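Note that chain A is present in both complexes that follow, paired respectively with chain B and with chain C.
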Partner chain A sequence: MSTFNEATQQAAINLCLSIADDKLFLGHRNSNWTGIAPILEADIAFSSLAQDDIAHASAIYELVGSLMGDSADDIAYGRKPDAYLCADIVTKDDGFDWANAIARQFYCNHFDLLRFERLSNSSWSELAALCKRLVVEQHIQVNHINDWVMQLATGTTESKEKIAHALNEYANEASMMFETPYGFELLIEDGIVNSSSDIFDAWHKRVSEQFNRAGIEIEVKQRSVDAQGGRSGIHSEDFNESLRELQAVYREDPTAAW
Partner chain B sequence: MVRKQAILDVLLTIPDPEMPISIVDLGIVETVDVQDSNVHVDLLPTFIGCLALPAIADEVKSKVGAIDGIEQVTVDYIYDPPWSTDRMTEQGKSDLAAMGIAVPDGACCGGSNETQVELQTSAIKCPWCESEDTAYTSAFGPTRCRSIHYCNACRQPFERMKQV
Partner chain C sequence: MITNPRIKPPFKDDELETQEVNAFPVWEVFTQKKETDAHTHAGSLSAPNALMAANFAREHYGQDQVCRSMWIGLRDDFKSKDGCEDTYEVFVQWNAGDRHVHVGQVGAASGEEAEAMCKKDFVGDKEFYTIWTIPHQAMNSIDGEEDMIWRSTDQSYRLAKGYSKIVRQKWDAIRASKDVDDYQKEDLKDTF
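What follows is the complex of A and B.
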């Protein structure tokens, strides 16, 4: 197992938590669609995506648990609100509007694929191995969500307006995914993360390709460099509400098996 | 001293809980390490979110543990190399086809960063009637590793192992 010096270890923990927390909360939000998605295939798909995302989160919590000395469940459910490092796009309330759910998923899936591709070359071998596997699964999510954006954008006038509105509505939160957790520079120095200064541009290029293909114009601006949010533990009210829901069972009985 | 072959023979009798195929033919057994009376098995998850993973690990522990001369069996899931349909044996592919689950020929994956998952291909052959006049219904089926298709020729739905 890899060992790090104290500062790098904390930075590595923060990185893993930022990824796993994104996945856990996105999966949690998507699981709300089980039983009520617009068509049967979409219902099964969103439930499957939620299952994947929560399983991915769990695999990353287990990895980081080896550094923190905690179980995956305790890390996932037992922290205080400001110790969660997810970007707030994952918990932004979709109001049970399908276009919102698709927009949120679209931005997040493209970002996840990109960071897993890059982390597959990490000098932290356990993380690199896991990310190689995650890349394969993330491709399926990206292909699926690209198809949905395309379907809605080329469907009716109403569906086109709705998906364009939703993509614009989530653009600001999407840009906040690129905030880096505390200690990130140390990870670059140690080769745990490859230089990532171009990651927004790389992501922007991919999502823009899909907008062009779908014939919609969406502007996603890069966040201002000092903008702080979820990665610094500063969260929205939607996050707090999600967390209360997520922790409800754990708070009743932290030792329950489920 | 327990022979490694005896362990492999036992693994061949363990089916995937969700499909009529042995875990060996599915290609998820990566390494079997025998040290005196202790055995360690590394398995590859088909998909990380597959709900059958704990059941498979338990079955390996119990069946291999029952071999004479074995005291301890440990099982880990590892992620590198990533599992792919390319790892399935010919026997495994024909076992699945008999149940109406198509299997892609060969994997599509190159190096870690070239990995592609092909979801909508032309000419996916129906496992029932072998027609190539089939349509892709959904990437998400009853398990994480299977997609759903429809055969226009024999008018039957069928499943397919996702090409990863």
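What follows is the complex of A and C.
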């Protein structure tokens, strides 16, 4: 088990929470499609991938739980709204528009893959080992969603318009995924993670490749350096609604055994 | 309390201009649990093309049990008597209601010829129900060793057996507490 000094430990906790919270809320939002996705096969596949997101969240909560001395469930469900560090794209309401769900998933999946790849080199060995495993699973999500974007963009004129519109709609929130959680610089200084100053460019390159493949033009701009949002615990109304829904059962009886 | 339930999604049937497609081609999926096992028919699905068929098959048929390899092909190809010169994968359904099981490969110029070769090489004088054949080229395969199908993170929540174990524990606990309640009720009756 790795040990950190207090400030570094808090920074490491923040980093893990930012990843796990992204995954938990994305999986939760996507699971809303269970039973009502446009075709049966997409319904089953999207639900299965949502389960993966929650499994990934769970694995990271377990890891951070060892630092926080708390159970994965309590960390996942028991915090106050501003202690959640997910980016608000994961909770942005899709209005049950399939193109929105695909756009949200597309941006997030590519970011998650990149993040796991980079954290596989972390000097925090437990985190690196976990991320190495998750990279392999995240590839499944990325391949799946790339093909969906391609499918919609090359389907009918209407499906192309819809997916392009959705990708534009989610572009702003996507850029906010790159806000770093509090203390991230400390992790770089301490050599726990490598500098990530080029992560937006790396991500942008990958999503642009897919836009080219699908024959659509989407502009995603980098956020302004001081823009604060979900990673700082400052959340949208969509997040609050999602959190209320997520915590509803847990709050009935936080001590219940599942 | 759930203040804003999302259980009633706003269906927008009238907004779509594109006609709904009800006739995607049907694909048959075969899965293999262990390297030494034969590929066995897992089920079918509808998908617009081979790419999406593979994506759907991975989630639909690759996650209910360990899966190390997957073959996906068009139902029409499995059943076709036509075809071209190729190596054919051949599958036998021994009894009605059984799953088709991969029995081997034959070189043939058509589905019909492949079926005849399959009978000669793999069936002999045994009873069987139906045979499916498919040119190797026409089939998509996913090798789970290189391209993960079954996940490495904890997937026990997907399995029915994990669920039933937990449910049984809960029932046992409920029955145990009911026994105690009944005992106490009887006990109170006797006492007063």
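Keep this in mind: the second predicted complex is superposed on the first by the 257 of 258 C-alpha atoms of A that agree within 3 Å, B and C clash if a C-alpha of one lies under 4 Å from a C-alpha of the other, contacts with A are read in each partner's own complex, and residues count from 1 in each chain.
By our rule, contacts are C-beta pairs under 8 Å (C-beta built on N, C-alpha and C of every residue); 3 or more make two chains touch, one makes a residue touch a chain.
It should be emphasised that the depicted structure is a prediction, and the values quoted were computed from it without experimental measurement.
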Superposed partners chain B and chain C on chain A - clash or fit: clash
Which of chain B and chain C A:52 touches, first, second, both or neither: both
Chain B versus chain C as contact partner of A:82, first or second or both or neither: neither
Contacts of A:156 with chain B and chain C, given as first, second, both or neither: second
First, second, both or neither for A:129, with chain B first and chain C second: first
Which of chain B and chain C A:32 touches, first, second, both or neither: second
Which superposed partner A:201 touches (first chain B, second chain C, both, neither): neither
First, second, both or neither for A:117, with chain B first and chain C second: first
Chain A residues touched - chain C or chain B, whichever exceeds: C
Colliding region between chain B and chain C, picked from 9-17, 117-125, 153-161 or 171-179 after the shared-chain fit: 153-161
On chain A, positions contacted by chain B and by chain C: 41, 44-45, 48-49, 51-52, 55-56, 59, 133-134, 136-137, 139-140, 143-144
Chain A residues touching chain C - in the complex, by the definition given at the top: 32, 36, 39-42, 44-45, 48-49, 51-52, 55-56, 58-59, 95-97, 133-134, 136-137, 139-140, 143-144, 147-148, 150-151, 155-156, 158-159, 241, 244-245, 248
Contact set on chain B toward chain A in their complex: 45, 47-51, 78-84, 109, 112-113, 115-117, 119, 137-141, 144, 148, 162, 164
List of chain A residues in touch with chain B within their complex: 41, 44-45, 47-49, 51-52, 54-56, 59, 117, 120-121, 128-130, 132-137, 139-140, 143-144
Residues of chain C touching chain A in the complex: 1-6, 9-12, 16-18, 24, 45-48, 51-52, 55-56, 58-60, 63, 148, 151-155, 157-158
